[in-house]
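Several structures are given next for inspection.
Two complexes are shown next, each including subunit A; its partner changes from subunit B in the first to subunit C in the second.
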Partner chain A sequence: MARMKFLCDAERCIECNGCVTACKNENEVPWGVNRRRVVTLNDGVPGERSISVACMHCSDAPCMAVCPVDCFYKTEDGVVLHDKDLCIGCGYCFYACPFGAPQFPQAGAFGLRGKMDKCTFCAGGPEKDSTAEEFKKYGSNRLAMGKLPACAEMCSTKALLGGDGDVIADIYRARVFKRGKGSEVWGWGTAYGKPPQGQPAQGGKT
Partner chain B sequence: MRLQLLATAVGFAAALALGGGAAHAQQPPASDATAQVERQQAQPGNNAPLWRDVRSGQPGYTTVRGVETGVLVESRGQTYREARVPVAFWGGILVAVALAGLALFYLVRGPMDVKEAGGGRMIRRFSNADRYAHWLMAITWVVLAVTGLIMSFGKDVLLPVIGYTLFAWLAVLSKNLHNFAGPILIVAVPWMFIQYIRDNGIGAEDFKWFANIFGYFRGHEYPSHRFNAGEKLVFWLILVILTTILVVTGLILNFPNLGQTRATMQNANLIHMIASYVAIALAAVHIYLGTIGVTGAYRAMRDGHVTETWAEHHHRRWYEDVRAGKARQKFAEPGEAAGGAGSAAARTQTS
Partner chain C sequence: MDKVREDVLKKWTPEEVERVAGVPPEQMKRVAEMFAKNRPSSIIWCMGQTQHTIGNAMVRASCILQLALGNIGVSGGGANIYRGHDNVQGATDVGPNPDSLPGYYGIAPGSFAHWARVWNVDLKWLQGRYAPGMMSKAGITVSRWIDGVMEKNENIDQESNLRGVVYWGHAPNSQSRGLEMKKAMDKLDLLVVVDPYPSATAAMAAMPGEPADLNKNRDVYLLPAATQFETSGSVTASNRSIQWREKVINPLFEAKPDQTIMYLLAEKLGFADQLVGKRDGKQNIQVANGEPVIEDILRELNRGTWTIGYSGQSPERLKAHMRNLHVFDVKTLRAKGGVDKETGYKLDGDYFGLPWPCWGNAALKHPGTPNLYNTHLHVMDGGGNFRANFGVERDGENLLAEDGSHSKGADITTGYPEFDHVFLKKLGWWDELTDEEKKEAEGKNWKTDLSGGIIRVVMKNHGCYPFGNAKARAVVWNFPDGVPQHREPLYGIRADLVDKYPTHDDKRAFWRLPTLFKSVQEKYKDIGKEFPIILTSGRLTEYEGGGEETRSNPWLAELQQDAFVEINPRSANDRGIRNGDYVWVRTPSGARLKVKALVTERVGADHAFIPFHFSGWWQGKDMLPFYPEGAAPIVRGEAVNTATTYGYDSVTMMQETKTTVCQIEKA
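This part shows the complex of A and B:
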């Protein structure tokens, strides 16, 4: 089975926010919820780099570990999903997540949290695939249609890659060989762990 | 409607006040950018300074509004996750040991009764204000403790038994009860403090009372004033220290719209957990002694009255002061405790 991962190539990302727009359009996310965002470091000065970040679908997901109602689950593709019928909106997943992925629509005054919403890798939720209920709660289920996440598909410079980890790592490796620089696989060390000792590293992991 | 408007206005004002600070924090400092520029000239393609900034949680620029949206990696979440496991484990053990210990003590020792029951005159131990403050605190506190325990350990204890659907319903009910009951303590804690501080001063006698703690459980009490050292411990440790900590950390967690960072909420959550487990274990002893553990104690908080014998046995110094007219508490007027007195005396005899 494929192990789905995201990879953002900092040498290619031009901060167009196309991925953010694609995500919002595809999933019709509630107001105030941003499943994906683009962050620019050293904005406006030489050496500026931009990175698109969303839920990385971690191997050992911290959100899953701290959830008090056990609403997270992992699909056989390695996608971390959650069940909004179980979620109580406590915010613990948001405290634990290194990427700031969990989002909470405001459910009342004083910032009362509603049910958590996050990137689903365009894989929907626990409802039956591609149903209206699934779309209403989790957005599009492109994986069930045999497609990849809308953000990565939409990326104009192909900086954001989404798909089987081995495939996108190969694409990225070919790029690094060709250009001879920019080998950092952003977020992979945090999300998927360090590679086992003795194996050739796939570039520096940050 | 007016309340809702007010609430929105307060939230909006707070968001404005704190939003300014958050926007300012998103400007990357020039020094890190300089390091990256220098490195790029010396070694093209080496982005090490940039990635160091990312790892350190240095915020960048993003169009998404909100707190810390410019931070790419928040590494402290991992520490929070690692700390939660042992805190919850040992906290659970502490609460379970306290409850099991009390159950065992009740089975072995039974309720601590006054030997020469029956009574004499009634003494008004708690004023109405004393009792209202305590009941407001007691009901709110127990609701918070029970809902807190459900959210803390339900995943390991209840979920395997009652299943996902029922547990999710119970958990969301717990979360909402917890969130709405919590702020009541903003009123209840100061009120309790004002109502009870006068007789909770600590002196050398209190240490002697603790030295005789085993005698207390055998029925030979070291003479105490209106509150014994155990009750004073409850006042100072549970109310003044732990519950105040719980209120402060709880409010940080309850109002995520005030612009606090994730690090603040992680720390608040861990402190909230530790303080609550210790407080629940101690409060369990307090509740036990106030209800089934000591005959007549529950009556004192329910009606405000205790029998003369009860007072002499459990709070001898206070009883002597009441008799001498030196205490603020007086003997009940004839007929004042008519509803409670007879039944209280009867209860003392039968239970």
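This part shows the complex of A and C:
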């Protein structure tokens, strides 16, 4: 069984926001809710770098750990999903997440936030696969159709890779070897655990 | 090339480059070495080089640099001008310019005779449509239509002023001098907008201007046009590859495809038959359900556009390419084997999209040309050489290629002029034409022989190039500056450079209009004291062109919600401006733009940048009430070109949007 992961190659990201647009369009995400965003560091000066950020579907997901109603679950593919029928919009997950992934559709009086929304790795939610109910709450279920997330598929420079962790780690390793730099993958240590000294990264091949 | 080298070495010492352009000698040296030691390399630009008073010189300088480095005619090299929209190249090729018929044939009487034959239209009828002397006289460019309306009649080089304007898929906010454009719009008798969106033109026209400018009898029409998803047809990319695009949905609401709108207009105006080439029992373009058949339109173009080899890309070949994308190599663009299941067409050897020139007719099966001027390949393999377009000799110098310089396998191993019936007979190749071809080719050259026979014999039988084999031209003697020269812009902040690098003299009649250079520059020589920041403009990733369509798309609109000016921290701090503040940007045009400040090191302390995709605000006011109901884009903002100033390229008349001056104040 594949272990799904995202990887963003900061040497390649050109801040085109194609991933953001693909996500919005694929899942019909409303204005103001950003399942994915591009963050640029040192904007406008030499050394400027951008990365595309969304839910990383962590191995040991902090959101799952803190949720008081236990609305999160993990699929066989390692994708972290949640049940909007259970979610009470408390926002704990937002504070726990190192990537700022959880989004809330409202900002009403008394801290009313509405049901949490986040990247599903284009894998829908607990409803029956590829149904109208599932789409309305969670957006597209591309994995059920045998497709990978729209954001990574749309990426014009293939900076953003989404898929089986082993496969994308191999692609990245080949790039690092060829260009001789950039072995640090932003966010991987946080999301998927740092490798113990002298051992290969989790999910990576030796 | 020697003249160019001499001129550049004499004038442009590293110190002088730094003084004028601000590029330090070490940086210049590093860049020069990078180019010299890494070949091939490609230079890519968009409008940053072209939209200046010296745009033509900058573009030629880039081409000359690439020639000097040997980066032309090789894979990975080239001087690449990227187009801003998906079919700008295709639109240019079919001849929207006021000095040319389709395929860059020009507007000489012979060009009209050629196209009248292709169009199956009576040449006498065509001639009758023009006022005496106007048929072969280059018209007013789109950049200057406002002057065609407003210039005093005695100053313009045509009988009457412009009275009507049709905006067909064109954004007014991509053109400079917005304040004057609004006045011109109000003075017109007729204004037509053909577009999927009413566009900023509709709102600008509806917005009240000065009462004295308004022509009370003006009529404004909005004709909804189909988007690319609602029609099919060919589309040409920047690399000259052509793709066939299929219709995805039927046109929504009242929208119609462009070709249908053209046909309906022609019907009303009484030349529908001529539009589709219906005469003497023949009809070039069939009409189905009121829509001219798009395949037939391309076939007609194929039959006439020999100049740039737009002749071999039949709809059948293009469609076969689209059905078999997988057989093309993504690096070389070339098909390895492959047979189209539907038609049996063999794809082997074709370059994807048959990048022009794809010479001769479709039956010649030329594969297209992925890199121009590549002498390393046979001409039937996509090879070629420089064109003999400027005569054979000048000032005693041979302009044709020297001995041994020719495309691979050519029968003629030295320079040669372009081919015509006389040259073919002299070479003894005439009898290789079929009888049918001979009948058509007699008295013609390769560009006007509708049989394609001359091209077939020259290329297939003898490996030569139809347009001759010559040297590239570095010094363009018929341009104002044969060797490209730097000249200061009309509005600048460096009065100290104007004496040494003055602009051109004013021109009395240039594309039918008086065009000012030196008188503007002299008048505003010290304008930098009041407007000390250079203002330039350009694009964003999120929006396209004038932006009306993309700013109406919620996914894109959310990403860029405000028009902004990029300003350096030093200039911002001196002016009490913080990131995100509203500011007023003023220019010598008198316009004031209210935009947000984006404080960034991306621009220097004497520079500011505003993206040009915004419209829908006019000097601080939202134009929402002036859009047709429900048709306003989600995001509206100041158009930078409301404030850009006078200035036009000395050859092409391209508007100068990339350089003016401004002052910025906290709002």
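By definition in this document, the second predicted complex is superposed on the first by the 192 of 206 C-alpha atoms of A that agree within 3 Å, B and C clash if a C-alpha of one lies under 4 Å from a C-alpha of the other, contacts with A are read in each partner's own complex, and residues count from 1 in each chain.
FYI, a residue touches a chain if its C-beta (ideal position, glycine included) is under 8 Å from a C-beta of that chain, and two chains touch if they have at least 3 such contacts.
All of these numbers come straight from a predicted model, not from anything done at the bench.
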| item | value |
| --- | --- |
| Side-by-side fit of subunit B and subunit C on subunit A, or clash | fit |
| Touched partner set for A:187, first subunit B, second subunit C, both or neither | first |
| Partner chain(s) touched by A:109 [first = subunit B, second = subunit C, both, neither] | first |
| Subunit B versus subunit C as contact partner of A:17, first or second or both or neither | both |
| Angle, in degrees and to the nearest 10, that opens at subunit A between the C-alpha centres of subunit B and subunit C | 130 |
| Subunit C versus subunit B, contacts on subunit A by residue | B |
| Contacts of A:88 with subunit B and subunit C, given as first, second, both or neither | first |
| Touched partner set for A:31, first subunit B, second subunit C, both or neither | second |
| First (subunit B), second (subunit C), both or neither touched by A:45 | both |
| Contacts of A:97 with subunit B and subunit C, given as first, second, both or neither | first |
| CA minimum distance (subunit B, subunit C), superposed complexes, angstrom | 5 |
| Set of subunit A residues, in rising order, touched by both subunit B and subunit C | 17, 20, 43, 45 |
| Contact set on subunit A toward subunit C in their complex | 15-17, 20-21, 24-25, 31-32, 43-45 |
| Residues of subunit B that touch subunit A when the two form their complex | 4, 7-8, 10-11, 28, 30, 32-33, 36-37, 39-40, 44-47, 50-51, 53-55, 58, 60-64, 66, 68-75, 77-78, 80-81, 84, 151-152, 154-155, 159, 164-165, 167-168, 171-172, 174-175, 179, 253-258, 262, 265-266, 269 |
| Subunit A - residues contacting subunit B, complex | 10, 17, 20, 34, 37-43, 45-47, 49, 51, 53, 62, 65-71, 83, 85-92, 94-100, 104, 106, 109-113, 179-182, 184, 186-187, 190, 204, 206 |
| List of subunit C residues in touch with subunit A within their complex | 541-542, 554-556, 558-559, 566, 600-603 |
